[in-house]
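Chain lettering (A, B, C and D) follows the sequence in which the chains are written, and residue indices restart at 1 in each chain.
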Amino acid sequence: MAKIAYYPGCALNERSSHLDRSARDATVKLGFELDELDTWTCCGAVPPVSEERVMNLVAPSRILKDVRDSGRDILITICDFCYNTLKRTNFSIKSDEIIRKRVNAFLADDTPERDYLEKDDSPWEDYAGEVKVIHLMEYLRDELGYDKITESLKRSLKGLKIAPYYGCVMLRPQNEIQLDDPENPAIIEDFITALDAQPVKYPYRTECCGSYLSVSSPDASTRLCYRILTSARNNGADAIVVSCPLCFYNLDSRQKAISEAYPDFTPLPIFYFTQLLSVALGVEFGRQGFEKHYVDVTPVLDKIASSTGKGDSE
Amino acid sequence: MSEKTGLAPSKSPPIRLTRETVNAGFKKRVDALSGQHTDACYQCGNCSSGCPLAQEMDILPNRILRLAQLGQSDDIINSCSIWICASCFQCTVRCPKGIDIQAVMDALRQIAMDEGIDHFGPDQISPELAASVPQPGLVGVYRKLAT
Amino acid sequence: MFEPKIVCFLCKWCTSAGADLAGTSRLKYRPNGVNIRFMCSSRVDPEHILWAFHEGADGVLIGGCHPGDCHYEDGNYKTQARVSLLNRLLEDFGIDTSRLRLEWISAAEGAKFANVMNEFTEELRLKGPLKLAAREMAK
Amino acid sequence: MKRIGVFVCHCGINIAETVDVKRVAEEAKEMEGVAYAQDYIYMCSEPGQTLVREKIVEEKLDAVIIAACSPTLHESTFRAAAEEAGLNPWQCEIANIREQCSWVHTDREKATNKAIHIVATIVQKTKLNESLEPIPVSITKKALVIGGGIAGIQAALDIADSGYKVILVEKESSIGGHMAQLSETFPTLDCSQCILTPKMVAAGKHPNIELMTYSEIEGIHGYVGNFKVLIRRKAAFVDWSICNGCGLCMEKCPAKVSSVFDRELAKHGAIYVPFPQAVPNKPVIEQDSCIYFKSGQCRLCEKVCEIGAIDFEQNDQFVEEEVGAIITATGFETLPVADLAEYGAGDVPDVIDGLAFERLLSASGPTVGEVKRPSDGMVPKEIVFVQCAGSRDPERYKPYCSKICCMYTTKHALLYKHRVHDGQPYIFYIDIRTGGKGYEEFYQNAEEEEGIIYLRGKVAKIFRDGDKTVVWGTDTLTGRNIEIAADLVVLATAVIPKDSTAELAQKLRIQTGPNGFLAEAHPKLRPVESINSGFFIAGAAQGPKDIPETVAQASGAACKVISLFSRDHLEQDPAIAWVDEDLCGGCRICISVCPYDAREYDEEQGIALVNEALCEGCGSCVAACACGATQQRNLSDSQIKSMVTASLGGE
C-alpha cells in the first residue's frame, strides 16, 4: 500500500485524535496510508505578531526540509491551519530568495552537524520549497480522484443534506494557497457529492467562525457561529462538514453558548470531513469519536444506517 | 498641542495635520512591519463591508487604515479593533489595491504591544477552555494578542 | 373638478423646445393644454386667439423666446405688441385678459414651461369656464 | 378628400406606459380624412419605417402622420421614409405625444385624451398641407471660428486643411487661450506650451486661415450658408503690418500693469504681448493703462520704435465678412476667488486659484517654475488644495461638476511634490472623478506613491493667521475635523462660461443652457451643433471639458462644417410666406414687419410680393396682413383655425 508523508499537527495528534484516526481509517479504505513523519514539531498555526518574520518560518521549514530529505515530495495535512502555515512557508521560501537564504541559515545553525552527516553522507542542501504541501481533501480531488471515493462507497449518504464550511485559512490568502476560488469554492461541495450526499448552498460558508477569538472574545465567536449555523440550517442542512479542528470546535462546542443566548436555536451536528468519509467508506461509527462531539450526531447517523446496510462490523 | 486645562477632554478634537504628523515614523513603521503600503488605500471600504468582526469593532478596518495614513497612532493603538481582527484574510483577498490588511493589523498590534499595550494574558483564560480548545486556538491567541 | 381647456401657441425655437425639455427631464404638469407649434410667436394672429376662445378655450398661452433671443431678430417684440393691443379689446368681448398669457420660455427652461402650465391651469380653474356670449350666438 | 394614415408609436413603454396607444389609433381611424391608423412598438425602427412605407403604397395614402416623439428628433427620418414610398416629404407630419404628452403626464386617461387631441390637431393641418419643393440656396464656403483657444485652433486647422477658408477671430491679441497658461497637462505631463505652440504657429501660417486677433464679433445677419458678420478689429495702437516684434517698446514702457495672462502674479507694460510665444507676436497698447493716454505725455514706445509702428491715432476698424458656417469656441473662465467669501473673498494673499498655480508651476511663468507664494515669495511647505470651490454647490454657487479639477489638482499636487520634495500637499475633495483614459491610474499613483494626502470633505473656511493660511476642513473617512496651518492654498474654482458668452450668444441667436454655457442641439446625438443651423460649438464654451475632449469636439465641429461645405447648395424650408395677389391691397404693412427685407412692393401691380430666397418663414408678415392675402405655406390661417378647433376637441 502506498505511503504518503503525513503531518498530523498538534490538534489532531492530541485533543482531536479521533479525527486523525478517521483519516487514517478512510485512507486505508482508499488504498493508501498516511505515513506520519518520524519527528515533527508544531508548525506555529498562525503567523505571529513579531518583527522577525523569518524566524517564524524556521519551524515549518524544518518540517518540510525533513520531508524532502527523506526523499518524499508530497506532504499531506488534514488541518487547515497546518495546511495554511506549511503552504505559505513554502510559498515564501520559493518566492523570496532572501527569505530562503535566511531561513536556511537558521536551519543550518540550529542543526547539529552530526545529525545530517550521520543520516546521510550527502552534504547540506538548502531547502528550496521542493515539497508539495497538500490538504487531504486536495489529495483526494487531484491525486486520487473523487470518483475513486464514489466507487468505494460502502454506506449511502443519499438524501443527506450537508452544508460545507470552508472557514478562512483553507482558501485564504488565495494568492499563496491557490486551492480554490476564495469567493466561490467547490472543493467541499464536490467532496460531498462524491459521498453521494447533497451539498447545501448557503451564504456563510466562507465567513469566519471567530478562529482564536473563541479564546479571547468568546461572545464575538458565538455571534459568528450562530449566523453560520442558522444560515446552514435555514437552507436545509442536516449537518455541516468542516476541515479545520478549530472550526470544528467553534461550530460544535459553541452551540452550548448559542443555545443559552438564542432560545430559538436548534442544534446542528458538525462532522469533520474525514469522519464522513470514513463512515461512507464503511468504517464503523464507533471509531469516529462521535461521543466527543457536543452536538449529538445520532439523527444523521440513523439516516445513514437506515438507508444502507451495515458497515464493517455493524 | 495638549491642553492641560483641567476640563474634560474634547470628544472629537480636530486633527491638526502637519507634514511632521503625516510623515512621522508611525506610518513608515506600519509599512515596514507589515510589508504593505498604507498610502495605497483609497478608502473604498470593502475591507469593512465584508469584515465578519466589524460589528465587534469600535473603529472599522478602513478607518483604521485611514487613521494610519494620517499618522494618528494614538487613536489606533487604543482601539479595540486591532485585537478583534481574527486574521481571516477576508479583507486581504478582496482589497482592490492588494493591501494585505491582515498584515497591517498584525503590524498595529505589534506597535501597540511595543507601547506596552497587551491585550491578552494567560490569566484571562479559564482552565476548562484551556483544556478543550484545539491548539491552533491557543497558539493563535498568544501569537496574535500577547507579547 | 373643472378642467379648463388651454390652447398653446409655441414658437419652435424656444418654448416648444423648452416643452420638449420638460419632457426629457420627466417633469410633470397638468394635461390641460394642447400645443400648436409655429416657427415664431409672431405668426400668432390676434384672430387665432379670438378663434380659440370662440371654439371653447378657457385660456390661451403664447410662448416665445426671451427678448433679444428671437430667432427672427425681433418677432417676439411684435408678438408682445400684438398681445397688448388685443388685451384692450378682450375686455370688450367679455374675456378677462388674464385668460391670455404671454410667456418667454427658452429652450433651457423646461421647468418654467411646466410651472407655467400648472399655474395657468390652476388660475383658470379658480376663474371657472369662460362664458362667452359670442360663442353662444354663433352656434 | 386626402387619404391620411396615422401611425402611433409606443416608443417601447415611453409612450405606451401613460398613453393608451391602441385607443389613440382607434380614435384616429374615426377622424375625418384618416383612411388608416395603426400602432407599433418602435416606429423609428427599420420594421416601423417599413410599415409606414408599405401602408402608404397598400392603402394609397396621400399623407401620413407619425404620432411619436418630438419632430426635432425624427421628422427628417419619417419624411425620408415617406419620400421613399412616393410621397412628397411635406405630406408627412409629426404629432408629438412623447415629450409633450406621455413624459409629462401621469393620469393615463387624461394623457390618452390629450394625445388624441394632439393627433386630431395634426390631422387638421395635414388635410390642407400642400406638396412643396425645397428652395435651393447657395453656400459661402468659408467658415468663421470665434475663439482662438485650443478648440478654435483645432477646428480652424481641420477646416483649413480640407481646403476651405477660415476666419479665426480672437478677442485677445494672441491665440492660445487658457492652454497657453498651463504648465504641464494631465495625465501624461506633456508640457502644455510644447504641444500647443506648434499648433498656434500652424494656424498663424496656414494659407487658408485668416487670423483676426484683438477682434470681436459686432453683429451677424443671414442664415446657414449665407451669414454676414461684422467684426470689430480693436485698435492696438501698433501698426502690425510693419511691427517686427522686436519687443523694445515693451522693455521701455514705464507703466506697470498686472498681467491677466499671469493671473496678476506678474506685471508688464502698457504695451505688451501676453506671453513670449504669442501668435501673432505683435504688441498692443492697453489704453486704460498707458501713461500717454492718461496724461498726454510719455510716448516712449514711439521714440524707441525705429520702424515707426506705434500709432496713437489708430481707431477700431469694422470689417464685414461673408461666411457659410460659424463655430463658437469661446472657452471658459473660472469663478473669481473674490466670489468665495468663506475662502477669504480674495483678500488672503496666499489663497490663489488653479490657473494662478499653473503660472507658478510654468517654466515660462513669473517664478520660472519655482513654487513661491504670492505674499512673501516663500516656498510653501504645507500646501492645501481645495476642490469644488464653487462647483457642486447648487445653493450658493454652481450646481454642476467642473469636471477638470480632480485631475488638475492631482497634477498640481504631484508637480508641487516634484519641485518641493520636503513639502506636504493635501487635497480636500468631495469625490474624486477620474473618468478618462489613464486618469484613474494617474490619480491612484499620486495618492499611493507621491505622498499626497487626500482628505474627503469640503473645506468650510479659510483665513489668515500670521503668515499662515488656516484651513478648516473635515475628513469624513475618519469622522474627524482637520485643521491645517498652510503656507499656500490653491482653490479649484468652478469653471464658468466666459462673461462675454451670453452677449455673444445673443448676437448669434444661439441658445445657452441654465448655467450660461452654450447649448447643444441634442445632449447625446448632436453635441457639436447648436439647434440653429449653421452654428456649431466646440470646447469649454459648451461646458467644462479637458483638452482631449475639447480637441475631439473641435474636430467634430470642423467635420460638420466640412460636410456642410461639401454640398453644392443647401435646401431651405419652403414653408414660407406667399401672397394671394387678388386679395393684396398693397398696404405694405408686411414690408414694415419683415426682418429680412423679403417683402417687396411691386409698383406695377400695386401689391407686396415675397422674395422666396430671402424669406425665412417666421410668419410675422402673415399675422400682420390685414386682409388675409399673405399666407404661410402649410400653416395657413384656415389650417390654424381648424387646428385650434381640433385641439379643443371640436370638429
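Heads up, the rule we're going with is that a residue touches a chain if its C-beta (ideal position, glycine included) is under 8 Å from a C-beta of that chain, and two chains touch if they have at least 3 such contacts.
Just so it is clear, the model here is predicted, and its values are computed rather than measured.
K.L.:
If you average the Cα atoms per chain, which one ends up farthest from subunit A?
P.N.:
Farthest by centroid: C.
K.L.:
Between subunit A and subunit B, what distance separates the C-alpha centroids? Give it in angstrom.
P.N.:
Once rounded, the distance between the two centres reads 29 Å.
K.L.:
With chain centres defined as C-alpha means, what is the inter-centre distance between subunit A and subunit D in Å?
P.N.:
68
K.L.:
Hey, what residues on subunit C touch two or more of the other chains?
P.N.:
There are none in subunit C.
K.L.:
Do you know which subunit B residues sit against two or more other chains?
P.N.:
Residues of subunit B never touch two or more of the other chains.
K.L.:
Specify the contact topology among the chains shown, as one of line, ring, star, complete or other.
P.N.:
line
K.L.:
Of all possible chain pairs, which ones touch?
P.N.:
Applying the touch rule to all chain pairs gives A-B, B-D, C-D.
K.L.:
Within the complex, which stretch of subunit B touches subunit A?
P.N.:
So the residues of subunit B touching subunit A come out as 33, 35, 52-53, 55-56, 83-84, 86-90, 92-93, 100, 102, 106, 109-110, 113, 119-120, 124-125, 129, 132-141, 143-145.
K.L.:
For subunit D, which residues count as touching subunit C in their complex?
P.N.:
Listed in rising order, the residues of subunit D that touch subunit C are 70-72, 96, 98-101, 103-107, 110-111, 113-114, 117-118, 121, 506, 509, 511-514, 519, 531-532, 575, 593, 595-596, 616-620, 622-624, 632, 635, 637, 640-641, 643-645, 647-650.
K.L.:
For subunit C, which residues are in contact with subunit D within the complex?
P.N.:
5, 7, 13-14, 16-17, 19-24, 26-29, 31, 34-40, 42-48, 51-52, 55-57, 68-75, 78, 82, 106-109, 114
K.L.:
Please give the residue numbers of subunit D that touch subunit B in the complex, ascending.
P.N.:
Spelled out, the residues of subunit D in touch with subunit B are 381-382, 422-424, 426, 444, 447-449, 451, 453-454, 456, 472, 475, 477-485.
K.L.:
Show me the residue ranges of subunit A that touch subunit B in the complex, using the header's touch definition.
P.N.:
The touching residues are 9-11, 14-16, 42, 44-51, 53, 79, 81, 167-169, 171-174, 182-183, 206-208, 210-218, 220, 223-224, 244-246, 248-249, 253.
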